[in-house]
Structure formats: C-alpha cells, structure tokens
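The structure's right below; bear with me while I get my questions together.
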Amino acid sequence: MEFGYYPGCALHGSSNDYEQSVRACFDKLGVKLSELEDWICCGATAAHSINQKLATALPARNLAIAEKSGCANLLAPCPMCSMELIKARQAIQADEAVREEMSEIVELPVTGATEIVNLIQVFQAIGLDAIKSKVTDSLDRFKPACYYGCLLTRPPKTLRFDDCEHPSSMETILRELGAEPVEWNYKTECCGAGMTLCDPGTVVDLAHKIIANAKKHGANVIVTACPMCQMNLDMRQADVVKKFAESLDMPICYLSDMVGLALGLTPEELGINRHYVALRV
Amino acid sequence: MSESPKRLIADVERLAHTQVNDCYQCGKCTAGCPRAGVMDAGPTRLIRLVQTGDVLEAAACESVWQCVSCLTCTTRCPKSVNIAGVVDALRQISVERNITARKYSRTVLFQKEFLRNIRRNGRTNELELVAAWKLVAFFDDWSPFKALADARLGIPMLTRHKLHFKPGSPVKDKAVVRRIFDRCAAKRKSETEQEQD
Amino acid sequence: MAKIGVFTCWCGENIARHVDVERVAKAIESLPGVHCSMNYKYMCSEPGQSLIIDQIKSLGLTGVVVASCSPHMHLKTFRAAAAQAGVNPYMVEMANIREQCSWVHADKEEATAKAIELIRIAVEKLRHNRPLQPISVPITKKALVIGGGVAGIQAALDIAAAGHEVILVEKEPSVGGKMAGLSETFPTLDCSQCILTPRMVEVNQHPKIRLMTYSEVEKVEGYIGNFSVTIRQKARYVDVNKCTGCGTCWNGCPNKRIPNAFDFNLGNRTAIYIPFPQAVPARPVIDSTRCIHFKNGKCGICEKNCAAGAINFNDEDKLVTEEVGAVVVATGYQLYSIGKEQTNPNISGYGEYGYGKYKDVIDSLQFERLISASGPTGGEPKRPSDGRIPQKIVFIQCVGSRDNAKGVSYCSKICCMYTAKHTMLYKHKVHDGEAHVFYMDIRSGGKKYDEFVRRAIEQDGALYHRGRVSKITEEEIDGVRKLIVRGADTLTGKPVTVEADMVVLACAMTPTDGATALAQKLSVGYDEYGFLSESHPKLRPVETNSAGVFLCGACQGPKDIPESVAQASAAAAKVLVMFSQDQLTREPEIAHVDESLCAACCACVQACPYEAIAIEEVLDRRGNLVKYTSRVNPGLCMGCGTCVAVCPSKSIDLEGFTEEEVYAEIESLL
Amino acid sequence: MENTNTEQAFEPKIIAFVCNWCTYLGADLAGTNRLEYPANIRIIRLPCTGRIDFNLIIKAFEVGADAVLVSGCHPGDCHYNAGNYHARRRWILFRELLDVLGIETERIHFSWISAAEGAKFQKFVTEIVEETRKLGPYRGYQSITHAEER
Amino acid sequence: MEYQEYQLRETAARLLREEKVNVVIGYGTSAAGKVIPVFITRPEDAEKLVWNSECHQNLVVFLTRPEVKKLGKPAIVVKPCDARAIVVLGNESQIMRHEIYVIGMVCEGVNEDQGRPSSRCVICYGHYPQNVDQVIGDAEDAPKDLTKEERRQTGKYRRIEEIRALSPEERLAYWKKEFSRCVRCYACRQSCPLCYCNRCVADKNRPTRIPTSASLQGNFAWNILRAFHLAGRCVSCGACSAACPAGIDLNLINLTLASAAETHFDHLSGTTVGAMPLIGTFSESDKEDFIR
C-alpha cells in the first residue's frame, strides 16, 4: 500500500516528532509514503486571513504537483493542511473558472484529481484486521480521551469525515488495540492552538478546560491526530498547571504513537520521549 | 469619501462565498464560540454589522482577530451561513485598509510575517518567522516584555529537537512561489478595482 | 340551422370609448349564422339581460354570443339568462372585447377591427357548439374521517349531528390523538382531558358514528360522492363486543415493563393494555410482539381471568370495505426527532444536542406527559434519569423548526405558546425552580396569546434568552448529573451557559409517518415536508385538489387546538354542503371517448392527471368481448383536455373545447 | 420601393393559445390595469396547456399566422395539477422536429404567465409583435400553404 | 448466417410440430427471388424460411392485422429492432405478449435497397435481440453497439446533422422538395408496425385536421403528424422509408425525434417492457430553457 505524503511545515519543524511517529508506524505496517516533490506551505490561517485567493492558490499548487506525479491518495497528517487542501480541491472541482484561474496562477494544470486523506483514514484503509495481525502489545493500560479538535471534522460539509459532533473513528481503532477510550465532552472543542503565540492567555484557559475534562472522565492520555493540538496541549500544560494550580499530568500523544506502541515500537522510535509531559509506558 | 455599503457587503459575500442576509440573528454562532466570552463583538454581531452595511466597523472589531478559526460557528449555523468565512473576509478587509484593532496589530504582523516567510522560503522556517515577527512587533509597540514572552519556550524546544536553525529540506523552485503570491495580490487588486468601476 | 344572436356591450364607456360598438354590431350582422346583432350600454344589467331573453324568445335564437368583458366575469350570468329563455346554457359564448381589447388598445380603429375578429371567433365556435347537459353524480351520504384526534373527532361529531353517517378511523387503540396526552392547554390553562374526554365518549356513543380504532385505511377507489374505501382492522386479540373493559386482564398481565408509546416511553404498560385510563373505547388490545403467549404459547393469564371470554389469541387482521361520499383527512402531526437516524434524507439529527442520548433532554410532548396529572409521574415533573425534581429547566424553542441546515424551514407556530405554558406549569409546581427559555422570536398572535406569554415572564419569572443553543453536554457536578447548556443572549451579545437539570426541546411539528402514503392513495397533493396541500391557500383552505376529499388539523400544516377544531368544523361544513344535495351536479365540459374508434393504446389513461380514464371491455349483446376501449369517469374528469392532445386518433374529445370548435376558431382567422 | 412600403405596413398576425386559469386571467389583468400592447394578437382560450395539441400550432400557421404564442401556468401552479408539465414535454420534442424541417422555431413562443402577471403578459406580447415585425411575414410557411397557387 | 437460417427452420418446424403455435410469420423468397413475408402453417414448409441481409421488412406489422390474427397463435421472426416494436405494442396494450412466440435473430444489419448496407443499422442501439422468447445466433456475432456519442457521428444521425447544419430556408427547401413528391398513398402508415389506429386522424373530417389532397400543405401536415405520433415510440425499423414509393427518407424525420428523445430524456424506445410512454408522462425537471 502506498500513499502520497504531504508533511506540511509543522511536521518538518516543531512537530517533527509527529513525522517520526507517522513514518515509524507506517514502516512497521508496510505502508509506503512518497513525499510530494517540492511541496510548499498550504498557507494556513495566515493566507485566508490576508488574501482568500492565496488561500486557494497555495494548496492548489500542491494539488497540481500531486496530480502531475500521478498520486491518487495524498496523506496530509496535519488536519489544517488537509482541510486547506480539501477546500481548494472542492473549489477547483466545482467551478471550471476556478480550475482555469488556478492552473494559470500555480503554473501547472490542476483538476483536483487527487484525493486527500487524513491519518485516521489511512489507518482505516489499511484495515483494523491488518493492523491487529501485527500487534504485539495490548494497549489495555491506556484510557485515552480521543481529541479531534477543530479541523478533523469541521466544516462537515467539506470534509465529510466522521460525525462532527460525536466523532468516534479514533475510539474504534484504539478499542480494537485493547485500549479503553473514555467518553468525555470536549472531543471537538477548540484548544486555541492558532493563537498560541499571539494570545497565550486564552489558549491556557481553553487548554485547561479540555485537559481537565479528559482527566475528570478518567483518561490517562489524550490522543490526537493534529500536530498543533498536540503541541499546544503538551507545551502549554505547564502554564495551565501554574495558572489553575491544578495537577494535570496528562500526556498528549498522537494516534500514530498509540498504534506504534501496539505494534511494539519503542517510545524513542516514535519520538514520544520528546514530548513535554511524559507518557508512562 | 464613505464607501458604498452595498459594495462592501458584496465584497464580503464574494470573499466568503456566502449570503449574509440568510442570517436571522439566532445567536447560535456566539453560543458555540470558544472565544465569545472575551469578544467585543461576537460572530452574531459581526454578521449583523455586515448586513447593515457597517462592514468597516465590523472589520475594525477586535473579535475579528480573536477568532481561532475553529469553524464551530459555520458548522452549527442553522442557515448555513459561512460565518468563519465572513470573519476571514473581514480580516482581509481590515488588513487591506489598515483598520485593524490596535490591540491586534501584533497578530496581523504575525500573519503577514508568516506569509512573507512562505513567500521567501516556500515553507515556514519557524525560528526565522518568530524572530522576524518579534522584531517587527517590537518596533510596532516597543514592548520588550511581549518581545521576550515565550522565549523560555525556546530552550526546551531546542533540546527536544523541535526547533532548528535550518529547516529540513528547502524548496527548490522558490521563484514560482513568489510568482503565485504576486499573481494573487494582483488578482485581488484588479477585482476590487473592477468592483469600484 | 344556427340562429345566433350577437349582443355587443358598451360597458358604459369602458368598451365604447375605444371600440366603435355600432360599427362592430353592423359588421357582425353579415356573418354566417348570425340572425341578429344588437348593442346595449350594459349587457349584464337587468335590462341588458332582458334584451337577450326577449330576443331569444321573439326570434327563436339557438345560440348567443355576448361581446363584453372576460368570461371569467360574466359567462355564468349570461348562461343563466339564456337558460331562462330556454336556450341551452352551453350555447352561449363570450367575446372578450373589454379586458383583451378596449382596455389595452388605444387606437380606436385597431381596437374596433380586433373586436370584430374576436366576435367572429366566438360566432364560429358557437356554430360548432352542441348543447350539453350538466352531469349528475349520485352521492353516498356517508363520510369517512381519517384520524381520531381532536380535529377528526370534531369533524365526525359535526357531520353526525347533521344526521349523516360517519366512519371514524383511528390507527391507535384509542381515539384522542395528541391532545389526550396534553397536560393543560394555553392560553386558559384548562385541563386538556377535561375538555376532550367527553367528546371522545360522544363519538363512541353517537348512533351515527361508527368508530373503528386500531384500524388504517388500506385502499381508496372511486371518486367524489362514490368512494369505496378498504379499511384494515388490525387484530386486537380482544373481542370488543364481549369485553366489558373491567381491567382484570391488564391488571393481571405479568409483562408489565413495556415502554408506553402514549407516554412517549416515559412510563410503562402491560402486554395487554389500554394506552391510558380514559381510553375510548375502553377496550384493551394485545401487543402481540411483546405478549408472552405469542412468544412461547404459554401464560394466557388474561384469557383465564377474563370472565367475559373476550380474549381471542387467534384474531386476525380484517379488511372491511365501505362506501362513502366524502373523506375528511385529519391525520395530525408528530414531533421531529433529533436522533441520528432520520427517514427523510433532508433532515439530520441534532448531534450538538446529543442526538437524544441524554436521558434528561426530552421533547415537549414528553414534558406534557411529565406534568400531566394522568401522566406516568402523576404530574410530578420528575426527570427521567433519576427521578429528581429538576431545579433548573432549560426550554429550547425552534429545535428543527426554521433550521434549513438540519431540520425544516418553516415555523412550527405553536411552540412559543406551549413553551410559555411549560414554564408556567413548571413554576407552579416547583416554586423556587428556574425556567430558562432560549428563543429566536416570540410568535404569540392570537386571542389572549401575547398576554399569556407576558404572564409567564412577568408573573412567573421565566427567564427568556434571545438566542439559540449551540451545544448540550452532560457532566457530573458535585455528584449530580447536570446538562451544560451553552447558548447565547443576542440582546446582550454574550454567551450564556446554564447548568440545567433537564432540557425540554420544542421540536418541529411534522406530518405523521404515513401521511404521504395516505395522500397518494387519495390523490391529494403534499409539500416537500409531507403536509397535505389545500386546494387554495386563501379561498379553499379545507378542500383538496381531489374532489370530495377535505383536510383539517395539523396534517395540513402546524396548528394549535382552536385552529384545528375550527378547520374541522369547516371541513364538516363542506361535507354537509355536498350532502345537502341528492345528486352532485358537475360541469359537462369533460372528456368523452368515441368508443368505436378508440384503439385502447392507453396514452390518455397514462396522461390523465386525475386517473379519470380507464380501459374497459366493450361487449356485444351476448356478452362476448368485442374490443377494449378507454372510458372517462365523469365523476373524476376535471376537463383539462390533456387526453385529447395525446390521443393519436383523436378518439377522445373535450366537451366545450372540442376539436371541431377549436379548429373552427382558428379557421375563422384565415 | 413598393416592397419597402409593404414591409412597413406589415402587421404581424399572431395567434395565441392560452390556458383558461393562468395566462387568460393574466391577460385579463393586463386589461384591468390598462396595460397597453399591440392589437395583433388573437387569443384562443383553452382549459389548459395540456389541451394544446401540436396540430393546433400547425393549423395556426396554415391560416397565415406569422407567429404563434403558447402560454400557461407556471410549473407547479397548473389548475389541473400537471397539464403544463405534459405540454412542456411535448414542446421540447416538437421544437426539435420543426427545427429539422426548417420551420422557424423563433416564430413559436412558449411562456409561463400566471394570473398575477398582467405586466408580463403585456411585455411578452409586445416583444413578440416587435420580434415578428422584424422577422417579416412568414413567407416560409406561406410558400407551403399557397404552393398550388403559384 | 446460414447456420442461423438452419436453426430458424429447425425451430419453426419444431414449434409447428409440437403445436406450440399455429403459424410462423417469417421471411421467404418469391418466385422472382425477392425476400417476402411468408406465413408457414405446416412443419414441412419451414424449409421455405430464409434469413439473410435482405430481410429488412418489419413483420411485426402483421401482428395487429385481423386477417393474420385469424390464423391462430403466431410465432414471428424478428430482428432486434422489430423486437422493440413488439415491446412497444405490448406496452400500449395492443398485443397479448404471452400469446406470441417471438424468435429473435442476432442481426448484423440488413441491406436497404440495391444491396447497400443500411445507414440506419449502424446507429442501431441493440444488435442482440432483447425481450424475445428465443434467440437465434451467437451474441459474439452481433456487431458491437455504438455509444450514444459514436452514433451521433455516423449513419443516419450524421445525415440529420448535415441537414441541421443548413440554414432554415435551405432545410425548408429540402423538405419541400422531398414532400412535393409525396402522393399520400399512406404506404408509410400501412407499413409501420406502430400505426394501428382504427381510424387515422388523417382520414377524419369534422374537423379536417389535415388537407386530404396531395398538396404541399397537406403533405407537410401529414408528415409532421405522422412523425410526432411516433415521437418516443419509433423503434427505427426503417419500414416507412422502405415502403415509400416516392423514395422519401421518412425514417430521417422519425430519427430526429428519436435522437431528441435520447438527448433530453435518455429514452430509447422499445428497450423496456412496461415503460411508460414518453409523451403522456413527464418529469418536473424537464428542461424549459426555451420557455419565457
């Protein structure tokens, strides 16, 4: 099985532990990731705050590159990247004029032929049975609170992935691997990652709400599939503890970390050791 | 000198691909907004301001930059108004007209610096981005306190190999990225001018 | 030989100003078939009509053309005048020289020339007209009312009171409908059951009403005045004639924990049951899907205990066919479900309100049962999860209503009123409780309605927040389950979070399941949501486009009790108008088939919008099949003529607009 | 010279087939509101567009119509529920046939005009008269009708 | 083809021998060597049946004839296009389908006159007979059906496109020339399996819908009427063109409507048993871009 791979800036920068985890996990599962040649940034929040055209053009360039390389399915593990790519793809598919305009702007023909998938969808494509056949280690010591954040399911009409209010796809995977996911209330609440530098105060409040709720419902780890959520909840946790004088001690892991552990990979191989809040393996 | 409210509304609607008059002000967007509690004008009010043609007043609101783009508002809107898209449009208008709420000029500078960074490198170089932003922002507000905030986050990031002075793999064709930026800027300009004619 | 009189009207100045009526009358004189041509100031006036009548009588005219206004204005007038003089009313034609000539053409020459041509068209048509006789259809003076809620009950009682037989069909074991489950009614707060129960008893005892509960309409055939209806009486397993309603059976039934649909599953019933104590008829049914006897053949306690010997485990569904002349549909409504699974693809549930998985998030009809003295909690508003009396209730309006994204676009009309009532009833029971209402607009048009809402706010202290709720989550706080309701108050512009003990959703009113299937059986139209369509929104509000079928109550659109009752009486009145005649007279301008030429290709059968045409056998005197032909049912044909256009051999023709007449009109323009 | 004169004097003959419940009432409304339009049109009132057979249109050309107008209730508004839908389907096919036969489809006009659209009726008739005036007499069909006379 | 002919004779003989049918309507050869319809009633006469590329006539027309009905239960030899006519007749309740035994021939296309391959056969939308009781021939021998788009480019459809490409005046002139030859013999009506009215509207007076004499006016009116009555029904068997003594390619007019039916409604006549008639039904989404 092979997927095109669009790491995005985060996975090549401050969230390179996510890339490490994803790659290790898929190596073990025999899934090949072919990184998109000369990809560029998707533009993230900045592009659609400053110039809407750019917010379509930057992902469109990547779509065009993917198409040119004959890539049918492109994995973007970062939900922000994946959402921007999907949004651009739909705009291009829906309107001939946009298609022509974008092909002109990005200097490559683009039709939106490449399908964009997120990390969870890749696991679904591999199949739970195939994953289970390679499991060496049960995750039964973990009570994960699966945290989807904003952009894995929103906007639902664009992404058409899982239930936008009560998603359950990560739980399904983790339950199969032996973990006992908890029911909690903030699966899709925003952690404020986008504001982590500009407005740390609010971010700490939001992060507190989420981590505390997960803890209250008995979770011993928060599992996410978003580099920004992970970074934010992990790195800002010290500030949360300080502000609310509350011991949280909630490790924040990637979905691929959890799957990787079940496949017998070590925390070092997965980059879990580089997280701020330590996961007791 | 005042601009036609009609034209401004049309601009917002075009940028956001939505019809603001669909909104019946039910407040569900504000109800679900994680930041509504701190906003000067919640999403419901922003849309109302656009409906009444007070687009520039809306664009100058702090809340435009307090939005975390979580899309909860758009997702739950009973009338399928693209509220987050309207906020994005207001951001763009506020930047283009330089009417951003003073308190959030740092945020705008960050976004601009972010794009400049991509324009130059094709991808973000986080260390360069943060350094450049802190610098321009310092020259904007002269606050050493703000400039140095978060510096303490840097060391543990470095020790965790999460920050790099040189990003992993550079983009080869950087010129095309620049051309994409320039074309998008030019398109926006010509579209606005057309509308004004 | 045709003897046609042409009467040109001046309409005062209206026609005469732009049309030279004298010249017109003169020019018409020489047309073939025209025997006399006259003009007069006001043809529609008494003297004008007398003029026509006198001319018919004195000259022996066989047909009349009146050149005046639109036939929509006065065709009936002149037809009546002609009939009075002994000329067949369908031998009257009109030339519209006012609306379509003098009023729209300023040039007198042009207008005069056109007027002459318009009259020539009418004369040519009339030359080819033939006298028609009105069609009489016999009427079966018996009505079928479908649905035994308050609307159906009212319609049935009204029709029966006029002395006509009524069959009242109700699909549930008891009549009463939704109203029987309500607590108290706005704006008077009188007890719902106190008003309704006597009427329920009355329909059961009325000598003219045949009540068929636990029954559904299976098939409808025929047409106005002559419907043949097949009704399925579902197996009750209890002989209602033997049963005395003593209650021994349901009191003794060991299977006691079956959720009672009448209480919207908030209370329980037995396997043999009456849905509620005041049920009419007070005769139980056995729920064969839950009864132990039907599972393993054992138990049979009810059978042993029944002194009357009314239990019959071998009962089967029965099909009964009834002849009726009119049908009143009163199938009512149900509440929109917020659940994830929806039958209508345009509707999705409310994930943000938990898709109904939180036990203490209930809908308004459930709340009615909770505060009803006859409800499962005896009127104590105990919340479903743990039976605690809620100290704080959030009421949310417009759930599913006015929601294009998830629900329906329309306003459900009654929710504002009953929510105000709910807050009052709650506050009357829990004096220190808090009632929060999230609303978008308060729609309280109606007698004493707005005063009622103000009372809830001003006297009973309900706290109204203008805004929708975005999300409900459940959280245990200090050992108690709370519902965290996140809404907004758009008047302050601030988000509002309420930690509530219970949430009541005022869900949209939607037509009952199966209403559209019934509408199809009756050839009644319905809208995108399944509400049945009235014939005209203003002038024919209880009629449908299917002649002889009438509507009342919430099956036509959201409605409260007074409106439903008023509409039910209106529908009954329409039925009685029909029944006041022995025969139904219909316009003879309908299609007929030349059966000797029809090749029975079925084109007309398929094209007819009224299913008025059927293929029939033509038999010779000995009863041998000669051929097949299509045949028009004069009771059903409405005279659109679509059949004529699709008939290749023109073996079908439309009276009043026959091929001959229309061709004559066109050829007159040569 | 003579030719030009006759062209100027040309008054198109237009035959309209309209339904009784929408367009006929729309035309009545135009009258009630005194909305003026050219006098070239002759209305044949039929119960429904469903009744308007293609033969009638051909007949109209045979008697010398320069243009034919067919109009009824808007979709969904038919007095007889569906007559206009039936008519619409026939027109779709009929137009294709006439087009290949070289019969000018721009001389056959279809429209939906409701009882409330008096102004639309006025506008529609005025436009058609103007358009037909520009097209000139329908010599094409006349050459068929009067073939023997030549 | 020879093997098909052999199989056909075997089948016919068997059907008659086993008294499954009373008559086999098929193709035979006249004394002059022309292919003509034959009505075989005895098993031994089955040898007279032929199957070759001259079998262009549509025999279905006989099914509704009273004199043929008198012969008893028939079996009929049909090409796939003819089989579609049977479907239409069934849908229009003109025949009792179960009372007829239909022998469908796998068809490579027939010759029109003078041995030319028929330009209507290349645009046939089903060379393999459907809805028949027995198929004679192998599916592999049937030419591949062209797609909707391919058919547009070739055969008679191409001819229609050529006419469409002319100016309206040229089109009218073309048809005037064609129809001026029409003598109103109604051979087209007689040969068409789907013209079965008891009395044709063209023969009716009060009112006279179309002039009865062979004037150009009447000829136009007649041909428009004939074509439109077959709209959505014509199965493109070509019987009308073959029958016309004046050599007018009447089938072209029918195909114009057939192609319109396919374009606008995805309707292919005679392909579905129980199909509703195209005219006489409707969809709320039918196009109306031409309606003002």
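We call the chains A, B, C, D and E, going by the order they appear; numbering starts again at 1 in every chain.
In this section, contacts are C-beta pairs under 8 Å (C-beta built on N, C-alpha and C of every residue); 3 or more make two chains touch, one makes a residue touch a chain.
Here the structure is a predicted model, which means the values were calculated and not measured.
Counting only contacts among the remaining chains, removing subunit C from consideration leaves the groups A, B | D, E. Shared contact partners of subunit B and subunit D comprise C.
Ranked by how far their CA centres sit from the centre of subunit E, the chains are topped by B.
The most central chain, judged by C-alpha centres against the centre of all protein C-alpha atoms, is C. This structure's chain pair with the greatest number of C-beta contacts is A-B. In this assembly, the C-alpha centroid of subunit A lies 22 Å from the C-alpha centroid of subunit B. Chain centres here are Cα averages; for subunit A and subunit D they lie 64 Å apart.
Between subunit A and subunit C the centroid-to-centroid distance comes to 53 Å (mean Cα coordinates, whole Å). Residue positions of subunit B with contacts to 2 or more other chains are 72, 80. Residue positions 54, 59, 82, 86, 90 of subunit D are each in touch with at least two other chains. Chain contacts: subunit A has residues 164 touching two or more partner chains. Listed by chain label, the pairs that touch are A-B, A-C, B-C, C-D, C-E, D-E.
Within the complex, the subunit D residues that touch subunit C are 13, 15, 24-25, 27-32, 34-39, 42-48, 50-54, 56, 59-60, 63-65, 78-83, 86-87, 90, 122. Within the complex, the subunit C residues that touch subunit D are 70-72, 96, 98-101, 103-107, 110-111, 113-114, 117-118, 121, 525, 545, 589, 607, 609-610, 638-642, 644-646, 654, 656-657, 662-663, 665-667, 669-670.
By the touch criterion given at the top, residues 92-94, 196-201, 204, 206-207, 209, 229, 276-277, 279-281 of subunit E touch subunit C in their complex. Interface residues of subunit C facing subunit A in the complex, by the touch rule stated above, are 340, 351-352, 354-355, 471, 473-475, 484.
Within the complex formed with subunit E, the subunit C residues making contact are 596-604, 606-607, 615, 628, 646, 648-651, 659-660, 663-664, 667.
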